[in-house]
Each structure stands twice: as structure tokens, then as C-alpha cells.
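Contents: one structure, followed by commentary.
For clarity, chains are labelled A, B, C, D, E and F in written order, and residue numbers in each chain start from 1.
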Amino acid sequence: MSDIPAWARPSGRPADQLRELKLEPGFARHAEGSCLIRMGVTEVLCTASVEGRVPPFLRGKGQGWVTAEYGMLPRATHTRGDREAARGKQSGRTQEIQRLIGRSLRAVTDLKAMGELSVVLDCDVLTADGGTRCAAITGAWVALHLAFQHCIRSNIMSANPLRDQVAAISCGIHQGTPVLDLDYAEDSSAHTDGNFVMTGSGGIVEIQATAEGAPFSEAELTGLLGLARKGTAELFAAQRAAVGA
Amino acid sequence: MSDIPAWARPSGRPADQLRELKLEPGFARHAEGSCLIRMGVTEVLCTASVEGRVPPFLRGKGQGWVTAEYGMLPRATHTRGDREAARGKQSGRTQEIQRLIGRSLRAVTDLKAMGELSVVLDCDVLTADGGTRCAAITGAWVALHLAFQHCIRSNIMSANPLRDQVAAISCGIHQGTPVLDLDYAEDSSAHTDGNFVMTGSGGIVEIQATAEGAPFSEAELTGLLGLARKGTAELFAAQRAAVGA
Amino acid sequence: MSDIPAWARPSGRPADQLRELKLEPGFARHAEGSCLIRMGVTEVLCTASVEGRVPPFLRGKGQGWVTAEYGMLPRATHTRGDREAARGKQSGRTQEIQRLIGRSLRAVTDLKAMGELSVVLDCDVLTADGGTRCAAITGAWVALHLAFQHCIRSNIMSANPLRDQVAAISCGIHQGTPVLDLDYAEDSSAHTDGNFVMTGSGGIVEIQATAEGAPFSEAELTGLLGLARKGTAELFAAQRAAVGA
Amino acid sequence: MSDIPAWARPSGRPADQLRELKLEPGFARHAEGSCLIRMGVTEVLCTASVEGRVPPFLRGKGQGWVTAEYGMLPRATHTRGDREAARGKQSGRTQEIQRLIGRSLRAVTDLKAMGELSVVLDCDVLTADGGTRCAAITGAWVALHLAFQHCIRSNIMSANPLRDQVAAISCGIHQGTPVLDLDYAEDSSAHTDGNFVMTGSGGIVEIQATAEGAPFSEAELTGLLGLARKGTAELFAAQRAAVGA
Amino acid sequence: MSDIPAWARPSGRPADQLRELKLEPGFARHAEGSCLIRMGVTEVLCTASVEGRVPPFLRGKGQGWVTAEYGMLPRATHTRGDREAARGKQSGRTQEIQRLIGRSLRAVTDLKAMGELSVVLDCDVLTADGGTRCAAITGAWVALHLAFQHCIRSNIMSANPLRDQVAAISCGIHQGTPVLDLDYAEDSSAHTDGNFVMTGSGGIVEIQATAEGAPFSEAELTGLLGLARKGTAELFAAQRAAVGA
Amino acid sequence: MSDIPAWARPSGRPADQLRELKLEPGFARHAEGSCLIRMGVTEVLCTASVEGRVPPFLRGKGQGWVTAEYGMLPRATHTRGDREAARGKQSGRTQEIQRLIGRSLRAVTDLKAMGELSVVLDCDVLTADGGTRCAAITGAWVALHLAFQHCIRSNIMSANPLRDQVAAISCGIHQGTPVLDLDYAEDSSAHTDGNFVMTGSGGIVEIQATAEGAPFSEAELTGLLGLARKGTAELFAAQRAAVGA
């Protein structure tokens, strides 16, 4: 796919190229697991906190739970946004994203193998330049893996309950061409935008694809899915390197 | 597709059969446009309210806006849920759904043709049995169409700003088979569940597909999309009948 | 009283005539008891939900509890009102009304005969045209009666804890004349407005009478009370028909 | 009526006797008008604050507005209650009471004569022993009168916009006998409890009468009304003395 | 220090003179301990409520807790402020003050000698003219002492857990001169303002000193501390008189 | 002072030694000014956002405003804390800290020289190990200085409105000895704890000193102040290096 002209994208990247990717495992000093993920300018700090209890609806059922919270520092963005704590409520967008992160990680976790423990994944955006929810999922998997390893070292668990890897990437249709890993400028000008959450073994966990302007076709969807498969393959390799697997 | 054995589904329906569908345009006495939509037991009252102002970010730009709110009566469900007004906030699920409804209707509306008016679509679930967000989108289109007709009769608009129809249907993988229009029992047991928002002219506005258990494959996604296309074709016919088009 | 000239009221009804009344028991598919009540254009859906617990202040006291919540769909009214769930709090008016409904139903319920169960009465206004709180009380009695019958059929109760009927009606002074069952137009122009909650055996459970402009006299109060007695007699008959008593 | 045996009431008062009444006009140092009212142990501080604006729905209509807020110090009661500011919302009871106080005072105020000014009546209960809402209305009238006098002295108004006096008293049925001005112990044991808001010229502004146990009869209502008339006559005299009229 | 010219202060007081001080123990009828403190025009009602439980973090540790809440009546001030209960949250200032009051009283209480009881100190400002947080601390000590005496009389405690007295006073730099006990006018014009919380035995519990304009020097701090020592000595004497010690 | 035995402190540092200090100016990509400050393990990201408006109370007065917000990532601490945005309100501690930061920076800013602009300082704690509010003040000064330089380069301002430097450090009494710059372990065991905000020219902007157990003496306060002076001298040098002054 690399013969697509680079000038088609604001970023100048070939259509199928990820932004520069960097994972820093163990960034947070106190968390059982953590990872700072950078995708280009986008920067998300993911921490995994192990707690010795489960939500009320799971008590006594002998299984665990994985959930996520998402936030953005007020000046992560080009112009300062309101602090959600000061406004007194989380936006619909925030809630939508943290529900997506939690579902994605649960999809690859053997909750029964966790025992009655919870892990809370906090994904906080330090700098935003598009793709923060996807970066959060990819980084959260590393943090979760490290937290489970910590539980094994502490003799709380005997094996890592993660059954597979999970990572996410955004793709979109930019000037009629499917392109991989949209930055903020590209996201704003793309007429279709999708987030693809995939597993290491090639399955699809979640697809959210939205036409911003004109509707899209099934052929375009297939094109986006192919790019996502290529992009997540690179993310999976980086995750494995980060957790030393 | 009707040779798929009916016993495969809790509802006993063939895999590609919609539930019984009924649209009652004009149900609400005071609204500029309204539609009570019933899909099997699921029942959603959609009203469209025309307001002579736009949100602050659009003031003076000579265009309109369409937005949606979604709610569920506390006893729409099998066991009573909390009243969101009493709890003091809308759940993440509620916000996610009302954002989806708003996006879907805006995708087929020529906002510039509206002038500086807003339409608020209120979608309130009287009885829930699966597929409420899809029913809301399908019914809201009828309410919106009627409200625009009302504006034309009142000489506020000269032509209907709706460029196309939009409708939505859920599909899922039930025991390995893609099935159309999940009811609550089917939704609970399906291992993959998707909502497909499509236009009358065959485009895709939004896809949200989620694996509840094992990930799904691209082939399964294609199967779901085919069913959605068949299902929305029937919804479009019912919408046209309801608005007298 | 039927010699009062019909032209005195915006609705054209004789002073002592109720609006057209219709009770649809069992309207809600999932609730233990329900009733859709229509009084003219006003339309309120009342559901009764049985819950196997009582509020903290009653725990271990061997008695039950009946409480109510009230809401209005945003476009139940002539112009759209804010959704209370979106605003994040219930108005003073909403709270005042739901407290009144709860008190009225408890006044005719033998709470000790319920055992440690609660019933929540949800009264949601689908269309508002005056008198919604009175309609809610009248309809809620039917829903509650049906829910208790459901408990008897399920062997949770041996007898119906309702000791009497309760119903409510508004009356007001319109152009110097007491009139029965005000619709919205009449309510807006009446200078005194009262809600009368009465029992099947002729007792008064609650009176709320308010002068909107000039104060009213004891004689006027007596006139309103006489009308309320006539109106509730008709409501009691309709309730009995609805529950098959 | 004074031949009713005193032993019938917990307080030992004759059925038609008010508690000891004391009005201290000008208690608050900064308010335009204020009154500390004591009825027995019940003690309510009422202040009237004049503000140079009206609520949005009245802007440009050339009339004023009178509104009220009600609060209770956490330890005004026998056992400490939650502080509403700490809980983050006002209870339904609080809202119901402050709406009643506002309506009652507006009923005797010529809003058009006020110009585009508002008066906020703050009624804060320092000690509660029954009858706080009635005491608040009676005391608020004094505070409002003094605030209007202050406006006249400051040349903001030329005449006092109060057209009449307004005062309120509670009455109830205690062991079958109508009694005047219930204290907390009596209120708890009365089977019917009513609040009567009346004008100096003998009209009724508002009646709220509620059966706590068995319903009450029209004859009992008439008895309560008679007592209320006697009680408010004494309150009117005390108000006139307090404002020097 | 009394040779500092009286004309230096808006109040005309010598630099080291307190405002007129009055403590009324037992002002609140229902509280276990209470004190109305007046310092000039400033007036704060302090009540101490004994509760038979401790916060969750102390359960089962065999010790007690003392905490405080602070509020201001809306018209305690020159112009009316919002009611915090109506606004739905306490301001940062309110929270800061109530945390200070709680810390100050805990500093002189032997929490282990209390048993598993809590005391809530409610400090409500009836009239504000500067120095309300200091007055609240001084008055709360009296209320707390009386509440503990009540516990001794009720055989809940055998000795008073208060180990020392605590009182507070504000001092500031007014036109270059350190002055004691600022009233509102002085507080507004002082360029440095400090609150000093001290114990009967001469120790310092808390100092909060803030430069409003130019920074202050260590020498100025020493001057303020000397005045605070003199002022609190007078407050301690008044406290002892109020509790009969 | 360096002859104080190092074993006296949990950290092993001499009594008058700061933790390792690192300032990274320009850390945040989008903000007009920013600084990541590390003091030992404590890590706070400070950003300065310039906004072209002032709060309502300053409109039209020809001056600017500087304000601050403070937050802590949920897993900045040893055990995860609630996310304030999810809880729906900021704690009293958070509000107290952000008010302190704002006051401290305003104390060295010539607000009139800013024009009608605001700067919001966001101080977000990435890792907490004691002294976060002091680190925030020190880092915020750098961010503010850089933001003003940005305004000069953009021709919005002609000179930097900062009149002086401001920095803050905590000191405490540990086992009877005054020590500088407490980390979390030391803060927990210190019996007195103070925060000292000082200016580059030697003035005191704010002192907050609190006895956690026994009260402290004036001599101890003097000792703490001396340490603070030494510590802030080092902070001022680091600030100047960070802004290239």
C-alpha cells in the first residue's frame, strides 16, 4: 500500500504508516503496573491499580473485574478545556471512552482466573493530538499485564489472566483514501473515522466507524479494516517488547 | 436466508426476520413532529421540538442543529431501574445513546437549509425489550420529517432539509449464526452484538459492533452487514408509509 | 348544578363535568401493576413496582412502604421543558407532587399488612393539559391495586392491603364560579385552584387550595369541596371497573 | 371555646390558645428588613433583601418580584440533621416550604407597584419545635414591610406595595378535638394537620390540610378553619405592633 | 502598646484592643452544648452535637472524633450572598474554614478519652463583620466543653477530654502598624492578614498569615504574634467564665 | 546547620537539605508556558494558559487576573484515590490548595500591566510524595514567566508583568528538630508542618503552619522560617536557570 502518495495526508505520512510509537513501562512510581504511551505528539499515562474487592454485582461469585477511567489534563489540548472535576461531571465523551477501554480489556482477560480482585485502569491524556482512546487501550494492556505480573510475584495469582493481546488504532477516509492512525489535523478533515480494537490472534473486539459527512460504503470499511490489521500488528510487537515477552 | 432453522433463536424467528413493526406518527399532542415506534415489545416515543435558536457555537453561522435526548421510564425494564432525574445524573449509557441518535440524524439533514433553528429529538422508552437505540433512530427520523413538514406549512422553511432516510437495526451472532433484530433475551445470549445505522440510498452512517465474549471475524461482520441491509430496507418502507411519502 | 351556563368555561363544559376519562389497566408490560389514565388530553402512565425491601428507617419493623416518583416527558407540554435528568436535579414542583402522591396512597394502605415490601409508584406524564397530579393519584391507585393482586396470586400476600379507594380532582374558581376538573387553559385563568384527595368512603385525605390572585372565602371553599365530592364519585366508579371490583 | 379541658393537649394549653409569641423587628444588622419571630420554643430569623433586578421571565415588564428561601440550622432540631449545603441539595420539604412562603407573600403584594425590584425573604430556623413554616410566613411579612419602608425612606418607592397583612398558623385534630398552633409533640401525635394562610381582611390565601392517619371530615375542616381565624387575628395584631402601624 | 494612636484604625480602637466580646453559653435549646459568640457586630452560633458513632476510618479503634461545619446565613453580610444549599455546593472558602475549626479543636482534645463518639461542631454566622472563623473557634471550644460536661452528667464519659483551651484571633498590618482583631472595614484595608490559633498554655496550634499586597517581614510576623498572644489571653478568660471554670 | 545528624530523618537527608530538584520548562506541547517540576519523587506538571478575557468582577477595569487549578491523577498516590471528576466534586483540600497557588502567584504579578487577560495555571500531580502544593507554586512561577514571555513575543504585552519571583517549601518539626522539604514519610511523622511561600526579594507571602500533635512555640516557628529561607534561595536559582534569566 506504500505507493499511495504521501502528499495526500496533512502529516505527510504514507497512508499505511503509524506515527512514531514509544512505550515506557513502569513510568508511574506507585502503581502496580503502568505505561506511558506516545503516538506522535499524543501522550497518555496508563496506570493499573489492583484492589482487593469487586463491584457489588460480582460479590461472592469468585471472579474479578477490570474497569477503566479516562481523563484529559485541561491543557492537553490546543486550547484549554474545562477541568471535569471543577465542572462537577464527566462529559458524555469521557464516559463513552472509558466504557470502551474497560470492555476492550475485559475481552482478553479471564475474569474467573483473577479471583475476587479488581483492576482499575486510569488513562490520563497528558498531550492530545488525535487517537487518544486508541492509545489508551494499547497502553492499558501493557499496564494491566505488568500489574498481573506484580500479582504473580506477590503470590496473589499463579498465572497471568490475560488470554491475548488487545490494541486499538484509528483509521479514516481522507480525500477518498483510507489512511492509518489519524492525528488531530487529519481527524478533523477526514470524512469517515473509525476505531478498531483487535486481538493479537486476529479477532475483532470492537469497531466504531462513523461517517462525519457523506455515508461510507462496505468497500471503504474493508479498506479501513485492512489498515487496522497492519497497524495493530506493529502495536502488538511494541507491547510484547514493553512487557518483556 | 429463510432456510436457517427457526429453533436457533429464543424468539423462534427466522434469522433474517424483523420483529413486528408499528409506527404511529403524531402520537404526541403538542410536539411539532412525533412517532411512537413499536418493534415487538420495545416501544419508544420520539418527539421533535423545533426551537428558534441554535447552540452558542453555531450562533450567527446561518445554519441549524439537530440534537437528541434519550431516556427510559424507570419501569420500562423487567426490574425497575433508578430514575435518572432522582439520581441527579444521566448514565454513561444514556449519554452514549443520545449522542449516537443525534449524529445519525444530522448525517441526513442539510443543516444549512434549516436556517438558525434547532430540533431536539426526545426519545423516551416506554417499554424495553432490546434494540431501543435503533428503534429510537428509526422513529426519530419520522418525527423529524413531520416537524420539518410542520415548518413548511408554517412558512418557516421552504423545503424539507432531510436529504435521505436514516434507520438503524441491531444484528448479532447467536450460536454462531448472524441474526437480525435482537430482542432482550437474544441480546443477552449473543456473543457479538452490533448496531448498524444506514441511509435510504445504501450508505453506512455508523457501525458499532462489539464482541461480548470471543472476538468476531471479518466474515461474521460481513454477514451482519448483509442482514442489516435487509432489515433497514423494511424500516425505510415503513418510514415512508408513516410520513405519507 | 348543571344549570351553570356552559359558556362560562374555556372548555365549554358544564361547571360540574369531568373531562372524558379513560383508564387502561395493565398498559405497561413489565410492571406488577400499571394503569394509563387519560383525562381529556392529559395522559399519565402509572406503574407499580414491588420490591423486596423497605427503606432503612423501617427495617425490621415488620411493615411495608409505598412511595412515588413523578416525571414529565420533556415534550409533554406545549413548549418543550428541560429534561430533569439532564439538568441534574428534580424541581421543587416535581418533589412536591411526588410527596403528595406517596402520602395519598399510604393513607389508604394497611402498611402492616404488606410485610417488609415496598411498592414504588412511577407516574410519568406523557401529555400534560392540567390536572396531572390528580390524574396520577387516581391512576396510581389502580396500579397499586393490581400490584397487590399480583402479590396475592404469587402467594406473597394473603389479602389486599388497600383499605379504601383514593382519588383526586382539581377544582377552581373560574370567573366567580366553582368549576370541576380544570384543564390547562382553565387552570391558567382560574383565580383559585385546589386539589382535593378523597377516599371512597367519603373522607378527605388532603386539601391544597391556593389563591392565585384575590384570596378566597370559606363559602367558596365549601363550593369547591362539593364539586370534588361529585367528581371523585365518578373516578371511584371508573377505578372499580378498571380493577374488576 | 376555652372550656375544652387543658389536659387534652401535650402542651397543657387550651385548644384555642397560641404559644407565647414574640416578634423582634430589625434583629439582623445588615438586612433592609428583618424580624426574629418566636412562637414558644420555635425561633425563625426572617430577613428581607432588596435587589435591583428581577428574574429573567419578568425583565422589562415593569413589575417586581418577591421570593423566599428557607433553611434550618443543622442543630435546630432535637437530633442533628444533615446540613443541606454539605449534602449538595435541598430536600423536597425545604423546596415545598419556600415555595409556599413566596406564594403567600406575593398574594398580598402589589408587584406592579414595586418597580423592577426583587425582595428575597430568607427564613432560617434557629430552633424548631413545630410550626416553622407558619412562623416563617408571619415573620416574613414583618421583614418585608420594613424593607418596603426602607425603600420609601431611600426614595426608591413612594408607597408601601403591601396591600394587606398575611399570616399563617397550623391547626390539627388532637384526640378528636381541633386545636390551635401545634408544637412538635402535638404535631407528631395529631391525626390531621393543616396550615392556614390568611389575610388581614379575612380571606384565605392557602390551605394545606393532610390526614396523617384516618381521613378527616368537612366538619372537622370547618373547626380547624375557625381556630385559624382566631389565631391569625392575634398574629395580625402582633405584626402591626412590630411595624409600628 | 496602648500609646499607638487610636485614629490609625477605621474602628478607632487602640491597636491592641479587642472588640466588645460576649459569650452566651446554652443559647441553642436542643444541642448538648452551645454558645452564641459576639465580637462587636460579628455573631456566630456554635452548637456541639454528640453522636454515637465515628467515621468509617476510625471504627473499632476505640477513639472518638471532633469535626466542624461552617455556614453563613445568606444575609449575614452587607449584601446578600447565595445560599450554599440552593447553589448545591459549599465554596472553597467554607470548606477551608470548617477544616481549620475541626483541626483546632482536635488539637486540644484527647480523642482516645472520648470513646467511640463523635462531636459535630456547627458554626453558623448570623451576622458577619470580620473575624468569623476566629470567633467560631473560640465559641466552638465553649460549646464542646459544655457538650462534654453533658456527657459526664449522662455517665457517657467520666472526665472531660479537653486537655487545654483553644481560641483564635485575627491580626493584621494596618498602615504599617500591627493591629488586633480586625473588623470587616479593617480587614479590607489591611495589607497583611493573619489568623492565630493558640492554646491556653501558650502554644501555637495554627498560623495562617497572608500578604494581600506587599509581602511582609519576619519582624512584622513577630509583632502580629505578640498581639495575638495578648488577645487570646482575654478570650481564654471569657471562655472560662462561660463554662464556669 | 549541616551538623544535625542525618539519621534523624527517614530520608537520611541533613536537616537543611532539599530533595533532588529538576525543572523541565516547556514540557507541555500546547501550553503558552509550562514546567514539569520534580522534587525527589514528587512530580507536578504546571501549565499556564493565556485567555483573552477576565472574570466578570474585573470586566472593564483594565487589569488582568491569574488563577490556579490543582488536581492529582488517581494513582499519583500509594493507594489509588477517587477521581474527582467521577465523584462530581473537588475536595476541600483541592480547593484550599488551588486558592493558595492563585494567591501566591498574584502576589508577585502586576495585574494592571497584564491588560484584560487571564492566565490559568493548571498544576497536576503525576506522582505524589509530599510537598505537592509547594512544588506546584514553584513550578507555576516558571510556567507563568514563560507564558508572559510568549505574550511579549506575540506582541500582546510589552514587558513581563512579574515583579518578583515566588517559591514555596514545606518545613516541619521532626523529633524535635526543624527539617527542610518533608517527603511523604516525614510529613506523616512530623508533629508540626508548615508551608512557607516567599519572594525572591526576601518577603513572606504566606505562612501556613499547623501543629499535628502538640502545639509549637515561637522559637520553633523561627527555626522553620530560617530553613525556608535557605530552601527557597535554592529554588529561586533553579527557577532563574529554567527561564534563562
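Keep in mind that, in the parts below, contacts are C-beta pairs under 8 Å (C-beta built on N, C-alpha and C of every residue); 3 or more make two chains touch, one makes a residue touch a chain.
From a predicted model like this one, the values you see are computed outputs, not experimental measurements.
Under the contact definition, subunit A and subunit D share no contacting chain. Annotation of subunit D and subunit F: jointly contacted by E, touch as defined at the top.
Ranked by distance of CA centroids from subunit D, the top chain is A. Here the CA centre of subunit D is 33 Å from the CA centre of subunit E. The distance from the centre of subunit C to the centre of subunit F, with each centre set as the mean of the Cα atoms, comes to 60 Å.
Remark: subunit A and subunit C have CA centroids separated by 51 Å (rounded to whole angstrom). Annotation for subunit C: residues touching 2 or more other chains are 88-89.
Touching chains close into a ring; read starting at subunit C and passing to subunit D, it gives C, D, E, F, A, B.
Of all the residues in subunit D, the ones that touch subunit E in their complex are 28-31, 34, 41, 45, 47, 49, 51, 69, 71, 73-80, 83-90, 94, 120, 122, 124, 126-127, 129. Within the complex, the subunit C residues that touch subunit D are 89, 91-93, 95-96, 98-99, 103, 107, 194, 198-199, 201-211, 214-218, 221-222, 225.
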